[in-house]
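Read through the structures below before going on.
Two complexes follow with chain A in common, the first pairing it with chain B and the second with chain C.
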Partner chain A sequence: MFNAKVKSEVLKGIIDVVSPLVNEVKFNITPKGISLRAVDPAHVAMVDLEIKSDAFDEYKATNMELGIDMDKFASIIRLSTSNDMVNLEYDEDTNRLIIKIGNLVRKMGLIDTTGMPDPKMPNLNLPAKVVLKASELTQGVRASETVSDHLALTVNKDDFELFAEGDTDTVNLKLPKDLLLELDTNSKCKSLFSIDYFSNMIKPVRGDDPITIMIGNDNPIRVEFNIAENKGHVTYLLAPRIESE
Partner chain B sequence: MGVKIGELFKEEKISFEDLRDRVVVIDAYNVLHQFLASIRQRDGTPLKNSKGEITSHISGLFQRTANLVEARIRPVYSFDGIPHPLKAKTLEERHKRKEQAEKEYLKALEEGDLKTARLKAQQTSRLTDKMVQQSKDLLDALGIPWIQAPMEGEAQASYMVKKGDAYAVGSQDYDCLLIGAPILVRNLTSQDKRKLPGKEAYSNVYPKQIMLKTNLKNLGITHKQLVDMAILIGTDFNDGILGIGPKKSLQLIKKNGNVENVLAAIDAKNPPTYDEIKEIRKIFLEPKITDEYTLQWSGIDNEKVLKILCDQHHFKKERVEPTLTKFANINHLIKQKTLF
Partner chain C sequence: MQITTSKNQSKLIKTPKKESFSLCALCRGTKFLCGKSRCPVIVRYHSRDKIKPLINTLKIGGASPPSVFIGRIGYPKVSIGPMIPPIMGDTSIIDTPELWLDKTLDDIVDFRSMLIRGKHTVDIYDVENSNKTVQFTRELALSKNSVFTEAIFSKKPQGNIAFYDEIQPHGPSAPIKKFDITNPKYEQHIEKAYYDTDLKSRDAVFNLYKDGLNISKIQRAFSVGAFGVKKFRKFVPTRWSITAVDSTISETLMKNTKTYPLINEYRVYQHNQFDNRWVILMMPTEWMYELIEAWYPNTTWNPYGGGISIFNSYEFYKGRNTYAEIGGCYYSARLAVNELLNKERRQAGVVILREAHPGYIMPIGVWNVRESVREALRNPYQKFDAIDKAMIYFSSIMDIPLQRWIKNSAVLKNKLFQKRLEDF
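Let's turn to the complex of A and B:
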């Protein structure tokens, strides 16, 4: 059983987090909330999402799985404004999700979840940790988008640096320790990442909300932040690019 | 060859776009056999270089891989190791059939019957150790990873999909479903025309995807029962029961539960012994596989590829070069690491 009432913006947040990486997903529903873990088709990035039941205005559920086509889901949720209330109800008899926005009713066919994988979170050794305001990071990534398809992130003992280099142009963003909410590393750590992927990962974070980044040397990056007024938590992993000769 | 069980499965038409960025493990022996059988002239003569050596496998492997990489699919090839002793009989029979086909091919050529000649020629193709080595060398030069399976290449491929290292097995055989591959992709060619075997007609061929779990659910059987069904029909490792095809087999297994019960219930000629049944089940359910592999696309060595194709196999450079440009997309695969 699954029956919930929630503000549209919470669902929009979920769509922003999941859609850039995967289209067909399996939500795990429990009485305590909903969660999801998925890997993109290229195995380059992973998303782990948890939304507590109290992020919903009303929430009643037993343990079950919902297989959702995110494109379809987004197309209907997009028709609502952020403060609209959305009703979600699982109809067991027809295996559909009934979505109600005001007087609008969409009955959405669900995807068969048998055979959909439950990816394991890989064990990673990421010695450097930085917490910063999302807006600072977003600015650097936006600037890099026009210059290259990848960027370098470096955590030094006293600062955090973002660097992108194209054929003719470069972008550099250097944030000293006192501008960061937290910085913790014993040694310099540097890894390269695809801007496409990375930009999508930080997009869902609002303005000055904190974003946590953990990196190593030529290792994946771990990005964490809260959504749904801190009642939801997102963890992303992104595999690095390697330096070209 | 594999088990003739395909008619029971529901296939889903897909496109290369659906496979973009995904890893597909290809049963190398399966595709190489395909190339050797199909890449031939009208009278059935395979492609040969000026030294008279067959090059159908090289041409096919090069073109096929180029098309996959161009579509940003990540191919990996899995090669057969030592065959299982129970397969020896099948291999021996195939060998005999090939010798027979060879005679008929030569006779048809003599009589000027090109249609029969081509048909018979297709049945004569042999994949030699030398051809396998040439194929591996070409893949190395192309920067495409390949895996040496301890026994069956498709068992290794199936294991890698089950483990999550790859999205699907690429093969024409359905055997990988018996081994438990969650997804099989057949016709790994971008939509093209294919000659219907033995006919002067062509049909459009699309990649097709077969999901194991969904099909088991539809058929109402377990994975183990699918293997038992195959034992009744006949596999590469046993002859099967005369008169039992896919539909009958499904019906019998659903009614009786397993092979032993079916054999007790019907009057079968030359049924497999219990020990044989146990051994064949083991081949499919607990195949010999290895974890010793890395999937790294290392980038094309143009010079080396040209050396292999043009110097060794006498391909014309101007015909090779357009295909070579399709590998430009591989840079994308090299620089971006994966999570696992």
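Let's turn to the complex of A and C:
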């Protein structure tokens, strides 16, 4: 059973987090909330999402799985404005999700979840941790997009650095410790990442909200932040580029 | 030289010496980037006048292959009309590029240069105009076989053979005064789509493709606005219609490709055509695709160059939503590789390498790309268990060193440098 009532903006937040990476996903529903873990088709990035039941205005559920086509779901939720209340109900008899927005009733067919994998979170050794305002990072990433398709992130003892290099142009963003909310490392850590993926991962975080980044040397990056008024949590992993000749 | 700074085009590789030749490879005679009023590359080929005596007349009669041409200059008011050779009989080969792989460049130019293009200016939305030229042009485009056609021009046909990047070349042109055709017989599948005014053109095009029609036939009918929901029908310039059809069909095929299991090995296919050397690398990864073209000095789109110009366009699994930098050939080749993958019900990452050697002296249209890649994929392939071995093998076929291919390839770089989560 699954029956919930929630502000449209919470659902829009979930869509922003998930749909840049994967289209067909499996939500795990429990009485405590909903969660999802999925890997993109290229096996380069992973998204892990948890939304507590108190992010919803009303929430009643037993343990179950919901297979959802995110593109379709997004096109339905797009019909609502941010403050609209959306009612979600699982119809067991027809295996559909009944979505009510105001007086609109939209019944959506679900995807079969058998055979959809439960990816494991790899055990990573990421010694450097930085917490910073989303807006600072977004500026650097947007600048890099015009220059290259990958960027280097470096955490030093006293600063955090973003660097991108194209054929003729470069971008450098250096944030000293006092501009960061937190910086914790024992040694210099540096890895390279695809800008395309990375910019999708920080896009859902608005304004001055904090983003947590953990990196190592030529290791994946771990990006974490909260959504749904801190009642939801997102973890992304992104595999690095390693340019050894 | 700064070509442009847009993100995708920043991948275009700057060439070391003079500047003008990169410009030509980007422009290919369409954008007049060099500032001249006529493209000097194209004019160079305007010297043939073998057929002049045959067409030095105001009246021409002959069997149209069938063939039509929709111009793009002046859009949305464009020149439409038939293409007529001054000969009789079954002329269908003249406008069926699918049959030209065993011809030489000279053969193709010879028979294409016989096609006289009649011109009649019309608004693109005016597909149902009662004007006879509009009607007969459409009927020609829907016809199955060669049709006897007569045209009276208001001026003698002007100009020499016209070459384009995407379109097959054709002969001189003249404004049409009067135009008549005898009893065309419609291609039945196309006729059905034509009379179905609720069928979307995307579906019409793909259904016809599944029915086994040649791309050139579908494209011809597409260009006269024969498909689609009635109120949206319009003339589509021939140049655009070719890429529209290639792109539409390959998009549908690609959707299937992305659901199939991966191939089990690295494959290298190869083919030589018109002094173009083709290598197709297939990798056991999710769908991604790239076409890299290397133009040698003194080839079609690199006539003044001192070095080889290399250009690429690519897409990853999610696809791309901007027009490919290298043009229509990107979509033609994408169609060809997806045909094979759909037939085998397999998914792969594909990189196509093309070396255009100096024997490729003139543009003959993107059909050359589509048919050459198709031909390569009909040949047996070499199998490898690792990408290194596959790359070493194809670099033995190609003249350009492997490192330069990698440097110019987004997909190869991704494959070699982008790690995956399971690597950790």
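Simple rule for what comes next: the second predicted complex is superposed on the first by the 243 of 245 C-alpha atoms of A that agree within 3 Å, B and C clash if a C-alpha of one lies under 4 Å from a C-alpha of the other, contacts with A are read in each partner's own complex, and residues count from 1 in each chain.
Note that in this section a contact is a pair of C-beta atoms (placed from the backbone, for glycine too) under 8 Å apart; a residue touches a chain by one contact, two chains touch by 3 or more.
The model shown is predicted, which means the values in this text are computed figures rather than measured ones.
Partners chain B and chain C, brought together by superposition on chain A, clash.
Once the two complexes are laid over each other on the shared chain, residue contacts for A:Gly166 go to chain C alone; chain B is not touched. By the document's definition of touching, both partners, chain B and chain C, reach A:Ala42.
Using the contact criterion defined above for the overlaid structures, shared-chain residue A:Glu92 touches neither chain B nor chain C, since it reaches no partner. By the touch criterion stated above, A:Pro220 is placed in contact with chain B and with chain C alike. Of the two partner chains, chain B and chain C are each touched by A:Ile242. Within the superposed three-chain model, A:Pro117 lies in touch with chain B and out of touch with chain C [touch as defined at top].
By the document's definition of touching, of the two partners only chain C reaches A:Thr146; chain B does not. When the two structures are aligned on the shared chain, A:Asp178 is found in touch with neither chain B nor chain C. With chain A used to align the two structures, chain B clashes with chain C at 348-356, while the other stretches in 240-248, 294-302, 348-356 or 366-374 stay clear.
Chain A uses residues 39-46, 122, 194, 220, 237, 239-242, 244 to touch chain B in one structure and chain C in the other.
On chain B, the positions that touch chain A within their shared complex are 20-23, 74, 164, 167, 182-183, 211-214, 217, 334-340. Here chain A touches chain B in the complex through residues 39-46, 112, 114-115, 117, 119, 122, 150, 194, 220, 237, 239-242, 244, going by the rule given at the top.
Considering their complex, residues 39-46, 122, 124, 145-149, 166-167, 194, 219-220, 237, 239-244 of chain A touch chain C. In the complex of the two chains, the chain C residues touching chain A come out as 5, 7, 10, 14, 258, 285-286, 288, 316-317, 410, 417-424.
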